[in-house]
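To keep things simple, chains are lettered A, B, C, D and E as they appear, and every chain counts its residues starting from 1.
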Amino acid sequence: MDFLMSRHLLSVLIFLPTAGAVLLLLFPKSQARAAKGFALAVSVLELALSLPLWMRFDPHIPGFQFAERLEWVPSLGISYSLGIDGISLVLVLLTTILTPVSLLFSLTHVSKSVRAFSFAFLALETGVIGTLCALDLALFYVFWEVMLVPMYFIIGIWGGTRRIYAAMKFFLFTMSGSLLMFLAILYVAGRHRALTGEWSFLLSDLLRVNFPASAQTILFLAFALAFAIKVPIFPLHTWLPDAHTEAPTAGSILLAGVLLKLGVYGYLRFALPLFPEAAMRYAPWLGLLGVIGVVYGALVAFPQKDMKRLVAYSSVSHLGLVVVGVAAWTSTALSGSVLQMVNHGLSTGALFLLVGVLYERRHTREIDAYGGIAGVLPVTTALFLVATFSSIGLPGLNGFVGEFLILLGTWTSAHRWWSVVAATGVILSAIYMLTLVQRVFWNPLVHDENRTLPEIRPSELVAAAVLVALMVWIGVRPNDVLDRIRPSVDALQASVNARRVEARAEVPSSSLREARR
Amino acid sequence: MIGGIPLNDVLLSSAALFTIGVAGALLRRSAITIFLSIEVMMNAANLALVGYGAALGTREGQIVVFFVIAIAAAEASVGLAIFVSLFRHTETIDVNDIHLLKW
Amino acid sequence: MTSGLIQFGPEELAAIWPEIILAGAGCLLVLLDAFAPRSRGWFATLSLAAVAGSLSMLLKAPAGASFGGRLETSALTSLMGMFIGGTAAVSILVAKNYLRRTGEERGEFYALLLWGHVGVSLLTRGLDLLVLFVGLELLSLSFYVLAGIFRTIPASSEAGLKYFLTGAFGSAFTLYGIVFLFAKSGSVRLSALSQVGLAQDPLVLFGLLLLLVGFGFKMSIAPFHAWAPDVYQGMPTPAVAYLSVAPKGASILVLYRVFTAVFQGGLPDRFRLAVAALAILSMTLGNVVALAQRDIKRLLAYSGIAQMGYVLIALAVFGRDALAAVLVFFFAYLASNAGAFAAVAALFRDETKPHPIGLLAGEGRRSPFAAGVLALCLFSLAGIPATAGFIGKFFLFKAAVDRGLFALAIIGVLNSLVSIGYYLKVVYIMYMRDPVDAERAPRLAVADGLALGLCAAVIFVLGIFPSRLWDLARGAADNFPFFGP
Amino acid sequence: MIAPPLWILPVLPFAGFLLCLLVGRRLGKGFVSIVGAGSVGLTTVAAYSRLLPFLSGNRAPVVERIADWITAGPFSVDLALQLDPLSALMVSFVTFVGFLIHLYSIGYMSHDETDAGYARYFAYLNLFMFSMLVLVLGSNFLVMFVGWEGVGLCSYLLVGYYYEREYAANAGRKAFVVNRIGDFGFLLGMFAIFGLFGSLDFGTVFGAATADPGRYAPYLTAVCLCLFVGAMGKSAQVPLYVWLPDAMAGPTPVSALIHAATMVTAGVYMVARCNVLFRLAPDAMLAVAIVGGVTAIFAAVIAVAQNDIKKVLAYSTVSQLGYMFLACGVGAYAAGMFHVMTHAFFKACLFLGSGSVIHAMGGEQDMRKMGGLRSKMPVTFWTFLIATLALSGIPPFAGFFSKDAILAGVFEDRRYILYAVGVLTAGLTAFYMFRLVSLTFAGSFRGTPEQEHHLHESPRTMTIPLVVLAVLSVVGGWVGLPRVFSESGDRFGAFLAPVFPPLPAHHETAGLSHGTEWLLILLSTAVAAGGLLLAWKWYTKDGGREPEAIARALPGPYALVADKFRVDELYEAVIVLPFRMLARGLWKVVDVLIIDGVLNAAAFLVELTGDLLRFLQTGNVRNYALAFFLGVVALMLFVIGAF
Amino acid sequence: MAGFPIDRVVFDLAAAVAVLFAGVMVVHHHPVKSVLALVVGFFALAICYVMLWAPFIAAIQVIVYGGAILVLFLFVLMLLNVGSETRLAGSRRPVQAVLSGLALLLFAGLLLGLLRHGGAAVPAGNQGPAAAEIAPLARLLFSDYLLPFEALSVLLLAALVGAFVLARRESNP
């Protein structure tokens, strides 16, 4: 046990959910509730196991920690190698927190083929954590794609009325991006072989390869496209509202809370360090799209009639801001972006959860079907308000810290006007979120069926309370998180900048190959 | 030259036969006639084989032809059996009228 | 070289045992069927034993060429032997229950399957155009019959007719191609093809082209594919499970053998372009038309056409890694495709009717295991990671990228994007639609369960631990008589 | 007497907030009253026990660092509070007035509210106290911003307190959104400051600015304008004032506390706090002064024609805030803060008085339905009258001194036009305030009989605060006597002096001569008295015939004024409507039509191709053979056609 | 050998006849007549084989093809008594006919073009008429070509069983 805990903690975290999922199949159909409980227990255990990660993580080591490495396909230099730095650490914990939360919520709400449902969620957790820990491009790609399948089923089976369209759209969109990335990965590895004569898909090895500018551009675009779709960045975002809207509540929580982050994560972990030149050349465009996303998402969120759709578009806006921070490439903005990913996971997760609470009682997401229910559901209202203000960046809650750092960092970067335009999001988010709050919880109570809505259940309350507590914690003590992020961000910047210098000094690779011969 | 016979004569006639066979296979509608045309194509091959064999002075050509003919016989028996069993359903072997399976 | 003695020594015997066992088992089955109909329940087991036996003999056989260099025994052939043996095993397992259900549990079915298997085995081992041709014909004849074996079902007979006519047409072309190769090399041995100067000779090119066409026909490569959908639809599913996998693998191997024999300096550009064109046509046509299919067997046929397009990429790459990739790909394809047909056989209970996808609605809950495996197979065919299918595609595309055939690779991945469209269509119909009839599904037969479980296991194991197989394939490709790069 | 740490001050009301929110509704009104008012009471005690030593001491700024807060890259900011004369001033009256209003609320809210509502009310009110204290005590821009947004949040919650009334909910949302527009400016200001000074800490920033003005001055105009946008939002200046009148939808004590006494003056506090920066940016100062002046006169004019008692007071507040900015704009920060303080007293008193009136009238707010309440509720009347006099700037009431100081400052800065505006505003103020008093208390009752029968003086909890505030409205001004009365009279200015350090290369204007100052005093007093008398004559003596005559004489202008110059309608047409249309257009056109349209079209085309190609599979073997053969021929052509 | 090239004349005549009757087979509407035409064609081919020093092949050509296969065809035709095709091929779907025609022309052209390179790579062997002996052929068959020969036996067996399975009357055993 200690052996596992000490040297293979990441593997344990990755495969514990899968193991739980497999055990789930042993439950007879009749034991639905037991199965749910079991799945929840597994995810809670997972959370418990992930806490040592947080404790034992040493913020002073910039490199990867808890590293593991096994040969996987030796003849091709594909290895099962894991490791986390501050950036992945916070996202891993976000995952291990949100999964039990969504399962806890579903405890009382999913009745249709429960075992499969829990199975999908645990499988999804494996995929996500694997993606966050993988340091080998092949391994990363495997987890990256594996994630899609459970999500596809979650949307498609337990989703809303247009679930099949949404599931299909989600799958095809994401796949279309990653397939080109797949070829790019192959090319990168092949290039490493050409230069060194050794096959390797290991990130650390591939980081030593320099690519001719032309190739680098294409490769970067291939990677960036895959990640941009996942984020999603402005013109590629249309899968998101459909997926979020149709997915079951728990699905939306994880989709918005975790999956979207992986796009940015992948960009930071792979696209940037591998192709620094191209990344820097295209950063302005990236930032531009991010800014557009901020404003566009907020504007489009405003006229929505469907609560989840509105929240979905707000995600487009928020992640646009994260992208701006990444593109700005100052250490303040970068830290802000990473932190904001966590914040968005918490606040949007909470929003979806509470919308789910309403949906389960009223069975509609139409905003107009509500109104004035604050008196009927005071607790729900209070929680929803906290989530709302966290998402519109009220100081004292988490959202503000990330938002402020990103904007400030962007201001100090070369692209000051981004921060000016993006800051309008402060106004716009207030407009659409408060309109939502007013039309749902306030105003006269016109629909009589709303007078008798039962108040939030204990399980739901716990789930929401956890998130709210975290929002407050990060809002008040953001440094607990930032301290772990900062060194990794600095290391990332240092390595990228170093590679750019080296790339300029690099002799043409062809002659280098001669040298190797 | 095989004796007094130029190889080209052989090849030309073989080519002619093959083409005619293809033509039959493409243009006729009775399954049986199509199959006959295919037999012609194989005979074209045989002719070329024998010709080459003789030209090269090896017996392999004839050997192959021997095999081909045997195979042709086998094919014929199976093929005709298929025709018969199909005819029991459709009362025809006109391939234009046989399209249960399509699209 | 031609002395008078009959050249049949112990090593020949050792080399030919596998085929002998299969053929003999076939005869035995026919006889048992005629004289001991009681024993029919055991036929499947018997055939399985035969396949297993022949495989073990194959693996035991000493490496090297026998029968005057006409029959190869090597790492490559044993790997292929495992591949085709596995296919045969799956289709026999599927056949067991399928035939009982349709009241056609006859020895002939298994016998023909085994004999066809002999043909395929000869294709994988033959070093001589004549042997190859005989093997091809043996395969074809057996499956002409198997296609039409359900004489009571019009569709089956029609499938027989179509397969027979197109097949005969195709093999006539193959034969004509052989003629010209013989004409130029003066022999039917492949080794004779590797004389200098042949690579430039137009007649040789013509012959190779005709071989490409003939075996491309067996692989159902567009535009020689037209038979496949109709035949798959009408043919008994177990036979399809075999026909749609093993012969394709054998054919690409044959093409590799012949091409490597002639082109020692790599494919000529025009030839590579031609192959690439065929690949693109196959992928695109197969995938696009598959989108429009309503019948699961036809859909799988078109998916197969597309998959063979991917395989042709490897032929266009034409190198050791590419060959190894093909081998790995076909193991994956075996598990996925044969598995898919096995699931179809298990899920559709009425053979007299076609197999519309709509009937699968709700199977995800009605018969979880079979549906689950079908979904798994489809995901594998779509190339989702952690399944065998991904591994297959991975190596194929890697080979293409290494060789710098980027356009081909990109078209390939775009196509697999399209393919997801129809693979997922089947999945969501199974899982996200409610059943058309509420009647409980009969419980899964043991043999079917075995076949499905086997395929699922292979898909996962291969998808997660590909290393061993890749090394095997690479080794097999290494001692493949490559002269080129 | 022990001096508690500063963090106690915000923490106490926050504790009250938590208690009221979590357990308040269960434990009932009594508990809530005790916790709600009690916590603020304690805060007040703590505050004063901290302030008195400070006042007696050397008044050097004290910074108390609680913890580090945000650190990222070069950016780092602490959770730290600071006590200096300015914040001390704010704390002193914020806590005190806040406590009074809590007391008042006990009486005001106890009747018609459910336990839940009552608890919610006090929770919000306590949260407000917390935020306000953080705002004034914060020792860097970011902590200040926390309070800044916090008070905005409370304003939002309390304005929308009657959430089931749509106009209240709208008003709350409007208040928050408009404030956010200001915050946008504030944020940019902070970014710019960090960009310039590399820190957000007051001490560091102002220190650097005073040390080396020449280096920063060029950029400071932009910075200050950004900050001032924030102040405009918070302190309801033209053009961002529109939320404040609507904010009257909240309970009256809230209006008194948030929208008169404390929160709305945060903008002035912020400008005063940043006086160093502003003084280095004369153009920005001018902008502040002009905006202040315009707001003052504009709002005063509107107030003249309003009939809703709270609306009048609201516009009066806007106008007075304009005054304060006018003061800041001309560099008379002390005068501005002075007015902030006095205004807090008498305006709170007025609002509470109006609350007591509305209370008595059973929720009626239209002055045309009131009248003659003087006899019915004497305490309210007298306190109200005193506060009115104070607001009108009649000596010796508090308002007189602060207003006079401001006008003097303006004159001193040679902004004669603005001075004229200020004086005119003073007259208008006196006019509409006495119009208000006359309509409400004088004459005979104009409401329904049962309203009349229901009329009564308010309970103690409400009247006591009134009296206290009234007293303060009288004496509150005596801390800052003009120099003409006594050279050392301006103890207030002396007290705040350290906050407004002299800047190098910044000329200090020589004071006015006593003669001019006397003139100014007399002038302003005269104008005020004039307006006062006119209103008394028109509305009390001959029951408002002249105004009607005027209204009939020029209906257009009158209607315009009565409709508050239709600014809301203007915004609706120019900003809100286009915004809605743009949003909807983007959604329907870009998202649905273009992006999804293209993608779906592509998918559809592929499917269509499949559906068509499908029919190549005719089922006729001869076609298959033909396809095969065509393939062969094509290959031959391609591969060996060359030979 | 100088003088009148009798061999060539005979061969060409026979080949011509073969081609001619193959053509007849293709164009003739009535299947039976087609078969009969083909019989003639195959006999002509047999003559060609003789001229090419392959008497054994000629013999089995006559026996197996002419004797067995075509007769089998006739039997089947009688059994199914299929009449002549009513319409000329493809008149219903001219596309098929037209495309086929074009393709055929191209094909023939290419084939002719190819046959210019038709000459054997290896100079003609000197065994000449010796090739006509049958004994060595048989020896080859059982020595060198043992493997394909045995495979062929399996093939024939498969064909036999297959034909039996398919042509058997009713299906229930």
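The rule we apply is simple: contacts are C-beta pairs under 8 Å (C-beta built on N, C-alpha and C of every residue); 3 or more make two chains touch, one makes a residue touch a chain.
Everything numeric here is computed off the predicted structure, so don't read it as measured data.
Hopping across touching chains, the smallest step count from chain C to chain E is 1.
Touching chain A and chain C together: D.
Which two chains touch most often is answered by the contact tally, and the pair is B-E.
Nearest to the common centre of all protein CA atoms is the CA centroid of chain A. Chain A and chain D have centres, each the mean of its CA atoms, that are 38 Å apart. Here the CA centre of chain C is 79 Å from the CA centre of chain D. Between the Cα centres of chain A and chain E there is a gap of 70 Å. A straight line joining the Cα centres of chain D and chain E is 104 Å long. Looking at chain E, one finds that residues 90, 93, 96, 100, 103, 107, 114, 117-118, 120, 122, 136, 140, 145, 148, 152, 155, 158-159, 162-166 touch two or more other chains. For chain A, residues touching at least two other chains, in rising order: 172. Residue positions of chain D touching 2 or more other chains, listed in rising order: 603, 614, 617, 619-623, 625-626, 629-630, 632, 636, 640, 643. Chains that are in contact with each other form these pairs: A-C, A-D, B-C, B-D, B-E, C-D, C-E, D-E. Residues of chain D touching chain E in their complex: 620, 622-623, 626, 629-630, 632-633, 636-637, 640-641, 643. Residue ranges on chain E touching chain D, taken from their complex, read 90, 93, 96, 99-100, 103, 106-107, 110, 113-114, 117. Touching chain C in their complex are the following residues of chain D: 603, 606-607, 609-611, 613-614, 616-617, 619, 621, 623-625, 627-628, 630-632, 635-636, 638-640, 642-643. Chain contact summary for the complex, chain E toward chain C: residues 114, 117-118, 120-122, 136, 139-140, 142-148, 150-152, 154-155, 157-159, 161-166, 168, 171-173. Chain D makes touch with chain B in their complex at residues 614-615, 617-622, 625-626, 629.
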